[in-house]
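Below: a set of structures, written as structure tokens.
Two complexes follow with chain A in common, the first pairing it with chain B and the second with chain C.
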Partner chain A sequence: MTNPVETLLVLVLLSVLSALGSSRLPSLIKVLSFQGLVVSIVPLFMGHEMNTGSIIFTLVTFLIRAFAIPLYIYVAIRRVAIRREANPIVGYHASLLLGLVLIVAAIAVSPKFNLPMPQGRPLMLPTAVTLVVAGMFLIMSRRNAIAMVLGYMMMENGIYLVGTGFSLRAQHIVEFGILLDVLAGVMIMAVILQHIKQAFDSLDTARLTTLKE
Partner chain B sequence: MSYLFLSVSIVLCGGILPFLFIRQFNRMRAVAAFFTATGCLLGLVSAVLLLAGNDQPTISVGFLSSFTLDFKADGLSAFFLMVIFLISFLAAIYGYHYLDKPERAVRIAASHLFFSLLIAAMALVVTAYNIITFLLCWEIMSLASFFLVVHDHEIEENSKAGYLYAVYSQVGALFLLAAFGIMYASTGTLDFAAAASLSEPTKILVFALAFVGFGSKAGVFPFHAWLPHAHPAAPSHISALMSGVMIKTGVYGIVRLYHLLAWHTPLFGQIVIIAGMITGILGVIYALGQQDIKRMLAYSSVENIGIILIALGLGMIGVAAGQPLIAVLGFAGGFLHVLNHSLFKSLLFMGAGMVLHQTGTRAMDQLGGLIKRMPVTGSTFLIGSLAIAGLPPFNGFVSEFLIYMGGFRGAALGKSYFVLSVLAIISLALIGGLALAAFTKVNGVVFQGEPRGVPAQNAAEHGSGMLVPMVILAAACLIVGLFPTFFMALAIRAVAALNLGYGRIPLAPFVPLTANITRAAALFLGVLVLLWILRSFCYRGKTITQAGTWGCGFTRPTARMQYTSSSFAASILNFFSTVAPLKEEHPAIKGRFPAPTHYHSQIQDIAELQITSLIVRPVIFLFDKLRWLQHGEIHMYIGYILLAIVVALVFVFQ
Partner chain C sequence: MQSILLLFIAMLLAPLYAAWILKIKAFFGGKKGPPLLIHYYTLIKLLRKGSVYSTSTTFLFKMGPLVSLTTAAVALMFVPIGGSPSLFSFHGDVIFVLYLLGLGRFFTIAAAMDTASPFEGMGAAREAYFPIICEATLFVMLILFYLLTGELKLSAYFEGLQPLRFWHTAGATLLFVVIALFIVLLTENARVPVDDPATHLELTMIHEVMVLDHSGPDFAMIELGAFFKLFFYSAFIARLIFPFTMGPLAADVALFFAILILIYGIVGVTESIMARYRMDKVPQFVLTSFALAAFATIITLEYIK
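For the complex of A and B:
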């Protein structure tokens, strides 16, 4: 493990497992914050040419992903004073097992995608795929709305990783677009959460079924 | 070409700057009208210069670093640019006085923005020269006009009309996308010029798909159903622009595609001419049956699109048969009719807009006697009606006469050409007669007679900004009619851009003949006016008693004794009841002392009826069966997304 990128990616994979196993919201937020931190510093070790612009950009990403968004969600939890439990549909142990299966499946499937990923980074695409699918799984399997927002963030982390892999000119434009998306998405969700809380007196999304036509 | 882009930028300034002056309403609308009108005037000048010159300037702009936007202005583009900028110029002036409610400043500013976007998009559509550019501009045009249609969206009828328009324009755009997609798939390039290298079956497929797409914008039967809803819903200068110009971009698309495919088969001509005949005849029948003045004008646009398509179809048949004279008569007559229709249809919509603005109603049966209260509107509307009915000395006659001439030449060809040409002549005659009846009805009911309601009694002219464009348009109708040679030359320059390879066409007998007929008619009208002046001169100083129209010596006549619009049209519509079924609603009168009752009748559009029963109902039925998918469980919804991704991946990597 001489390559820092591989080390970071392994950390990301571990954070996925840890997120799938956490039952309390604050710890889930901490895991996601850690994951955002690791993911956002990956570009620094990719060996791309870094000019001032891209370093500033990476730093901004780092600050937003690792601190701004988690803090924002944390404050949102405090404000709406909800139950601190993730309230799973699929149990924690089953989730963990599924996470392991996911990682194996992602490693098996990724080479078939034929994406122009950088050479010598065998873990890059599998990690990204794992993040996206695990994020979706988190959204599907947790009833608590905050946990679903965190799942969405995990998905976005995965997409960011894919973007990092491309050494195209437009890379930063794409990544910055994603970042803005995440920021806007999280803010909108926080607002919606408050409304849900007011209307239903709970953040249990199972109650939203009454909204269907 | 650079002037063209400059003028488009000025027009766009006229859309953006009003937002800076929202608090100062008068300054806002002045800024909007000034910039838009200036830009259009500059564009008009550059279009005429382009049409007069021989060069075909091209411009390429990089777009998103992976596409290029190509623009090219040949004679065909320049001709349509001329029409677009001319009518937009007048509509911008008209809009200054038409949108005059300071309390709705924000909405009016938005309307100016979309108005300028629409003008810019139309100008770019007719100059676009690759697939991406064309579709991009086309979509901007559709969206801008959609937002203009829903200007008064709190009225339920209007928001429904906007929805209908959105559906039609998007479905039409999908057909275009399919056509251009096939083109791209077969040639591997986005360039328009590659279309000529397609194989013949592919050309037929591309043309058929694009004809549906362009036809839904132009209002070709049966894709016209949005037109009679959307045009009345928009503010009147927008209706004038949409009906006079925007639907012509569909015609432009058809001609441009025909030019690009460069395949002179009679099949295209047959498709276009048959569609034109059906569109024209049904359009005018429905126009006759309407009781809403703007709806009636919208249907009349459908009719005129039919006439234009007949002309273009004749042109294509002429090309296929190797007869330059028929080809040029058809195409040039069609292009001239594009210009003419844009002149008189915007005139009529502006007149209808004045009536609507001053009386607050579009229902013909509540109006009446307006020519005495609004003499300028009334007389210009009358001129527009005469022109649209194809009567000399006005411009409608000129183009229709040329189309007739093309038809008669075509009838001499024999075989299937004979049948189509004769049918074209017959349908043109039928359309002309029915259009005359339809416009007699509007003029008789709305402008003649006595007012049928309070709003019509208190009507008066309003706003010089609204009157001047109408007078200009009425004068233009007369000028094109009296001096057709110049405008015919412009239309022929547009035909030359089609690269049919004809040199000078001996049009000598036709154009002067047309001019002679219109001048003779003008002489006749002049004599009539002279007699009228003489008469009023002779009656000077004598007592003249004036009585109400339709007074007829009754002791107590009421305005309700007049012909209504429905009763005027009933006898003709009865004949066409198979294609225009009448829906009546009147509760029966019962008892010795019957309660008040009412009668309501409406002509139904079979295209609308059939689309409801053939497409809308099955689709709703089908999707009702899928309701169980929507159960409200967010987790399952996310599951659907995941499933879709997995299925897509399986398809890609199998």
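For the complex of A and C:
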């Protein structure tokens, strides 16, 4: 496992574990930023034919994923001064162990998908599957709305990783479109959260069910 | 002969290395610190004293220090120092060594409980709890090493060029094993951030509180056992982070001891720049080591398939 892609993928898997184990929102954001950084430079090492356009796309993706979105969320939580705890429904220890189980399950399941993944990259699909499922788990198991947004980002990272495996020409354009959607989504969410916070003084989603007209 | 000599040197130097940690901590505190030979002075001073035994204690209390010292010393005999053959080695000795250390811990705990002091019971409970997770970590590592070598011998993992072969097959994931092993080292030897060996507040202590009632030669035995144990874990990390061999044995051993200075230095730096974790945070810290080791094993499994 001397090639850079595999090392990067191992780092991504590690970031999933640390995201599931981190209890504070700022540290969770840092982990997600790191994950976005690593995921977005994977295409550069894949050995695809890269022209100027696709390199620029990759770099812009890198900037948005690793810096723009995390920074925006960070500023958002600073501005609304919300509680820094991630408020888990499932505890951190259990989440960490579940992350390990997820990785094992992803490795066991991914050969069954029969996707045309590149040869000699045994970790590519398992990592992507782990990211998607772990992101979903993060959304389900944290009550804090910001942590949910971060889980959504993690899922998006997984989808991007699947896309990286295919060496299609249109891949970058599609990816870029998705990324812009995510960016817009994150911005809208931050604004909405700010309003919720102003109106109800809490971002605990369990309490949002009590909303009335 | 050669392995006996090396073992002797290792046992002789173990207190010196522990003093090196104190030196590093003193440097970070802007102090001069105790002399490097401090632990020898302490050991000699303690050995010349007499022991005081409470009337409520039994033979278990006297056995505790003896067993903990001997188990640590015997465990050290299985360590391939500097990649040279170890003194003892047989099929399955990895499990033997792990439970040997467990035996030592059991008797330390039993001696602590024997004093019927509530503080010591509290320390014993913690001492019994945290190493359970460490044991899980170590066994996951064993699974990994077993998969890579097909052997159940400690010397088969750390002798000669074998660590280098680990790096070739497992690659970057071995780094996680090293970090996990380092966390286990900190936990098993009651160092910061799990436990503070310098504190004198019983409520926050784990290991130190258990040995409060031991005095004189008994306490010297406990201290020496602790130095051996620290050396035991550091030796493996040294072999993993510097897997090369130079050729002549003298050069290998000299380098090995030089790397050990580095590892003890890292322990000292960790102690200087980190605060001790709150008690309920400690299991999470130790569990991280388990997650890392398990992670490395899973990934490596995928590769050697």
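The criterion applied here is as follows: the second predicted complex is superposed on the first by the 210 of 213 C-alpha atoms of A that agree within 3 Å, B and C clash if a C-alpha of one lies under 4 Å from a C-alpha of the other, contacts with A are read in each partner's own complex, and residues count from 1 in each chain.
Going forward, a residue touches a chain if its C-beta (ideal position, glycine included) is under 8 Å from a C-beta of that chain, and two chains touch if they have at least 3 such contacts.
In this text the structure is predicted, and so the values were computed from the model without any measurement.
Judging by the criteria at the top, classify the pair chain B and chain C on chain A as clash or fit.
Taken together on chain A, chain C would fit alongside chain B, as the superposition shows.
Given Cα centres, how many degrees, to the nearest 10, is the angle at chain A formed with chain B and chain C?
160
Classify the contacts of A:Q194 with the two partner chains as first (chain B alone), second (chain C alone), both, or neither.
A:Q194: touches no partner chain.
Between chain B and chain C, whom does A:G21 touch in the aligned arrangement: first, second, both, or neither?
The second partner, chain C, only.
For A:S54, decide between first (touching chain B), second (touching chain C), both and neither.
neither
Have a look at where A:L123 lands relative to chain B and chain C in the superposition and call it first, second, both or neither.
Once the two structures are laid over each other on A, A:L123 reaches chain C alone.
Taking the superposition as given, does A:I89 touch the first partner, chain B, the second, chain C, both, or neither?
In the superposition, A:I89 contacts chain B only.
Have a look at where A:V10 lands relative to chain B and chain C in the superposition and call it first, second, both or neither.
Second partner only.
On the combined arrangement from the superposition, state the nearest Cα-Cα distance between chain B and chain C in Å.
Minimum over all C-alpha pairs of chain B and chain C: 22 Å.
Which positions of chain A touch chain C when the two form their complex?
The touching residues are 1-2, 6-7, 10, 13-14, 17, 21, 92-93, 96-97, 99-100, 103-104, 107, 122-123, 126.
In the complex of these two chains, what residues of chain B are touching chain A?
On the chain B side, the touching residues are 65, 630-636, 638-639, 641-642, 653.
Please name which positions on chain A make contact with chain B in the complex.
Of all residues in chain A, those touching chain B are 89, 112-113, 133, 136, 139-141, 143, 148, 170, 205-206, 208-213.
What does chain C use to touch chain A in their complex?
For this pair, the touching residues of chain C are 170-173, 176, 283-284, 287-288, 291, 294-295, 298-299, 301-303, 305.
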